[in-house]
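Sharing a structure, written as structure tokens. Questions coming.
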């Protein structure tokens, strides 16, 4: 059999157009890296524009691909290793947008912190490439490669601030734990491979659909370990412990990317692998994910309320958001997937917006995130405060912001699949969460400014991010139908053939 | 002509509205006259309506006039509709009639009050509400009027709101009535739930179909309302306090009209009570006994009151008890009869007392009255007529109506009826007594308003003794000082003499001429000094003696004062209270009072008195018992009352009972004559403090409300703030606490995080292995 | 006769040893080595299973994993070096500024 | 996939989307206020006033064109705009007799709140929030789509949170946060309940819809599930109403809120809960509602007595009025779950009346605070002397609140108790004692505040100003008019109540509306009487 295959082995056909988004990102990153190594004095604005332009290329090509998808339907390429469906294209847009926004935030940040250089942008682009690969991956090994590409770039990004010991500590912790958890993930892949004889999702799904496993220990063990790895990536409890420390320590623009892009990529894998590929064994993994989701919601919300540092508090709240998105995963249905996608899309923007505000507020040294420093912001910087208020409302799930529709969608999906108790935990976590955001709002609007309150400026590129995020948050909050249609169409389709 | 009934409430309503808009601008007295005219208009319309009804055939004399649908929902529907029938017309006649008189009276009484026009706003509003109460063809509309008069009563009792006492009384009236209103409301619900309608004609018409428990509940719940409004035990509490309002208010609302509306209500639903008399007599017995009990109880209290209006207030409570007794005995005509005559003479008495109070510059304490007969001839003459009427002296109005009630009670038969009659009789005796007491204290005897009362005499004596003692002490001190001064003068004289002797020795030893001359000068000077000292000593001695005498006198005076005080005796009954030796020391207030010039009131006040006095004399003509033809009132009311009551007692019994009650009244009056006119006995033997204190009932209720009642409410508030809200805040603390606990797991150590991941993996693997096994 | 099960058991043991190593050692370098050990345990699993399945895919995967492991070491060492520049002889436990 | 433009086109087919404009006008007003620069102080107030007056006028127009014979939903678009297609969420507004007057009340109270009180600072955001709140409240009363109902139900918290938190007194942040979290906590489970019935409906019919009419007609959930889900709704509404024992946010919120906030909170926001009981309790879950009715009746009654008892001993006048709301709302809950036509009608009437009289009370208390800077009853006294008009107005409003017949407060209370008596005489009789307590606490407070001798600043308190009289005048007119002639209101409410009762009847086995026995007068008795009369006259 091996021989037979070896004899007939042929180069798989590659549809380059499908790979365009990831090529834009990867090539864009590598090109600018090369350019700067040749010509030292390339201005920072050019680098940033280049990075954003690469992301723009990815997004535009995704839009083209989306229309193509509408005409031709889903397909796969590179011997079925890369899946081309609405799901992957949709997430590509999310990830590329996250990278673009992080780049824009990084621009004034690097200047302020004296960290000029191309590395951060390049790493963001490469990490984004990894994320897109994950979104497109139809094969566990391809997925693993994408994941590692994404992760390793982020390890370095987290440690990027040379003068902050916290930044390096964050990088170190993230790296150790990330590598540790990757081994679990990989072990899981190996076991699944052992159980099904393939690492290709289409084949695995086909195998599970056509065979009734008498001995499913390998498969289930594999799924368990796979969940460990993925739960770690999205920061779900009890594998969340890196999240607060890393978010706290990492440069704020990087946190924006981690919370939006990395999370999106992680959920892309969860949705594609668990919700779609392993939909035939939902009875086995859904209870586990239920417990994980509930724990994530509870721990995220509870820990957040006792924080005294806004950035760290938002790190915990991002854990709780991961819990919400988990509801979409455990629904294991089209409704769940599209709800999770809706969530990921809107969350990417609002968390980037939030971090944009924090980037400004943190001040030189990226350190000052106490509640006191926010006091009276409503009076000092009404526009910034208003934008931040919108984001916080959205995170709290206040109606007429995208965050509400997103939460509503995932909870609806959970209720639809009759996972009532997790849904109940989720709504109570939402109430506790609301308290968090109220706390920030109280500081901003209801308390007097401190005497030594710093005067802050809104740099242009941050302004762009803020404005985009506000528009997206309100637009899809008030007219969710605009996005909902896309999210409903962006389903995982595991198909062979062109 | 029956349609004129619409005008009856319209007049006071218009008066109310126009006074509200322009009352302040009209000012005094125009606003008062406007209000009087409004009420008079209502009276005139009522008279027209009366003739309208009279013009109808007897069986058609119940006319319902519907204005508009009021509250209609589901099966429930009530209209704003007037039931015009002999009963309501009779009631209206005396409400508007007496109302007009009292409006007129008020123009005089409220003279000079800064809120003159406001008073008439309330008064007109009251008349309007009262007419709605009377005219309502259903329980709900009556309830509207019922509450409306309550609100007006509240406003008027606390009219002089700056006094805490008046405000309190107004509130008490409203709240106590609300307790009764609860019964009224629930009765309304019950009527709807069991009959499907709450209009009187249906209720009375279907009473026979009701089951006994429902019937009893319906009557008793209504009776709870009656207890409030008609001041029956145990809810009578508010009425005596309500006397805090201006006197015309007491006359109109708290004597003649509003307080009788309970009796009116029971008469309106006479169909129900008739059924109860036939099938559940215990229900009517409860009513009768509450009535007679209240009558008796209030009469005992009235005996000891010293406030002229309080006497009348308790008397009103007592008389209302009679009416309720009549209803409980099933003789509605007697109740209405007494209601009307009572309205005449009690309004008269109140207005008379108002006139007295007015003349006495707002002093309401009867002990300070006396002899006013000569100073206020019209007031006293009319008051005396009122007294005779209430005391049951034939042929005055009260005699006839009261007698009929006693007869009805007797007529119930059995021990029950006789006991009811007996208590009624004793009450009549007491009524005669306390009313006579009031008249004698007020109008007879000597003027006492310049005399101190017992407390003031005590005060005077205390001041007198204190003064004497002070004088004694002062004189003693002065004497001591004089003695000391004299001692000093003696010493000075001694010194001067020694100096003189020394100077002479000096002179005798003078060496030369020059020295002799000098010494001689010294001797002369010393001699003069001795002379002076001698004179001073003499003076001091004289002063000493004088002071000694004064001190002795003062001491004597003090001793005298003390012995006088110890020899002070209680004055004989009726004897003028004087402070005797201490008269110089009576409080200034007494002297101020002495300068009162009690005077007859103006014509606005006296005219109503005269009219009412006439009515009190001839009111009995409405329903004389002698022959059936003289039962005018009874015949008039027949269409409104379900059945005709025929006395079972024989003619002879009736005569005997009447004579007995005349005798009882006579005894009461005679007793009062003996004590208060002839002073043959000490009034203190009768005016026990416990009676003055209304048997302590009011105090006990207040103490309960202020004590355990308030504690309970405070307990609930405490519960709310600490337990109920505590649970809410506790939830918050719990969430926060768990947050801190979870936070501690985040140790910052990377290896512990790795451990967490490992444990999580193990748990996940364990779960999936369980699934494998499954 | 050797069955894939033996390989699986062996690799599970090696994996566990690696995992315990990460948990108990404080030196970051040793921790990296333990992670490498775990990755290699997985490689062993892949090979064992591929052998059992008679499939080449698993064996190819191993090469990818080895590349990833190499890259991981590079990144890890870079971070360690960056930290060591600022403080000497730091162990994993010294890095606990961020907590709570 | 739908989009906004399509939605706009289809709405153009309607003659004039008056209900939508009831939400959009204040919303746009808020946006406009936010856009006007801070420096133009008067402009904010003017814009807010204009927006609220237009909204009020539109609501009156709805009232006037409302067909009073029709108990169904009116002004409803035949083809509502789809909002979120995958969930079948539609922008579906309508009013019936139950919501009509709440909409009008909202349109009526907001302009008054804007005229009546000026904020102490930051007028711009104040007015923006206040009319944004109006848009939200309108949305709750008119949405037939459960999603939008829930959205509006939640979103009103935000403006109110800021109103209390920014312009409140004393402990305002605590009160605002408590209000926000408590209410949100209460409605959290309702969201799951809403979703659950939607998906139950879907699995039975294959249609995902949040349309309350379709859901209520379908009743596609089992008895047990229905009861559980009903409880989740009850919790949400109970907190909002508030029903004992989840009422403790209310005294704090009311006391610390600025005057306009209290007025609106009491006037309309508490009605969100009671309205919810009607539309999303009785209508949606007839079976569960009838099953739980006795418990809720008892809770309502406990609320009446408990609120009254707590009010009696309050030392803060505003807090006292707040507790009186607990008592008054208890009546509404009692009436709602007595489920008779009378009590249900009474409950709707009482919602409006409570809005008027308690709203007016809060105005008066607020103005008193403005003048005297204290709400402590002990520090007030004898105010009637210095401010007789103030006192007169207070008296009238107080009597309405006490439930004096002839004023509006009585009609609702009476119908509620009447209907409740038919359903359960014992509970109703106990609840009726609430009328005693209402008199106790309000009169006592009145006595201590207005009667007696005035000392210090109390002797010189300013009487009502013209703009304040302007605010009170329409309220007073309505208080009297609705008390004397409630028919125009009741006859519009009742058809919808009858539809509701018929709906319950049709959907609950073995349940019929409790009704009164009807007796007819016996002719024989009357004849007997006539004979007697004839005998006499001869």
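As written, the chains take the letters A, B, C and D, and residue 1 is the first residue of each chain.
One rule holds for everything that comes next: contacts are C-beta pairs under 8 Å (C-beta built on N, C-alpha and C of every residue); 3 or more make two chains touch, one makes a residue touch a chain.
Quantities reported herein were computed from a predicted structural model and do not represent experimental measurements.
Central chain assignment: D. Criterion: smallest distance from chain C-alpha mean to the mean of all protein C-alpha atoms.
Rounded to a whole number, the gap between the C-alpha centres of chain B and chain D is 42 angstrom.
Chain A and chain C have CA centres that are 25 Å apart.
Centre-to-centre separation between chain C and chain D, using Cα means, comes to 65 Å. The distance from the centre of chain A to the centre of chain B, with each centre set as the mean of the Cα atoms, comes to 81 Å.
Residue positions of chain D touching 2 or more other chains: 181. Shown for chain C are the residues that touch two or more other chains, namely 19, 22, 92, 95-100. Among the residues of chain B, those in touch with two or more other chains are 743, 746, 748, 750, 754.
Interchain contacts (touch definition given at top) occur between A-B, A-C, A-D, B-C, B-D. Only residues 743, 746-751, 754-755, 758 of chain B touch chain C when the two sit together in their complex.
Only residues 172-173, 176-177, 180-181, 184, 216-217, 220-221, 223-225, 227-228, 231-232, 238-239, 241-242, 244-245, 283-285, 287-288, 299, 302-307, 432 of chain A touch chain B when the two sit together in their complex.
Of all residues in chain A, only 335, 338, 393, 398-400, 404-405, 408-409, 411-412, 415-416, 420, 423-424, 427-428, 430-431, 434-435, 438, 442, 445-446, 479-482, 484-489 touch chain D in the complex they form. Contact residues of chain C toward chain B in the complex are 19, 22-24, 26, 92-93, 95-100.
Listing the residues of chain C that touch chain A in their complex gives 4, 8, 15, 18-19, 22, 28, 31-32, 35, 38-39, 41-42, 45-46, 49-50, 52-58, 61, 64-65, 68, 71-72, 75-76, 78-80, 82-83, 86-87, 92, 95-100.
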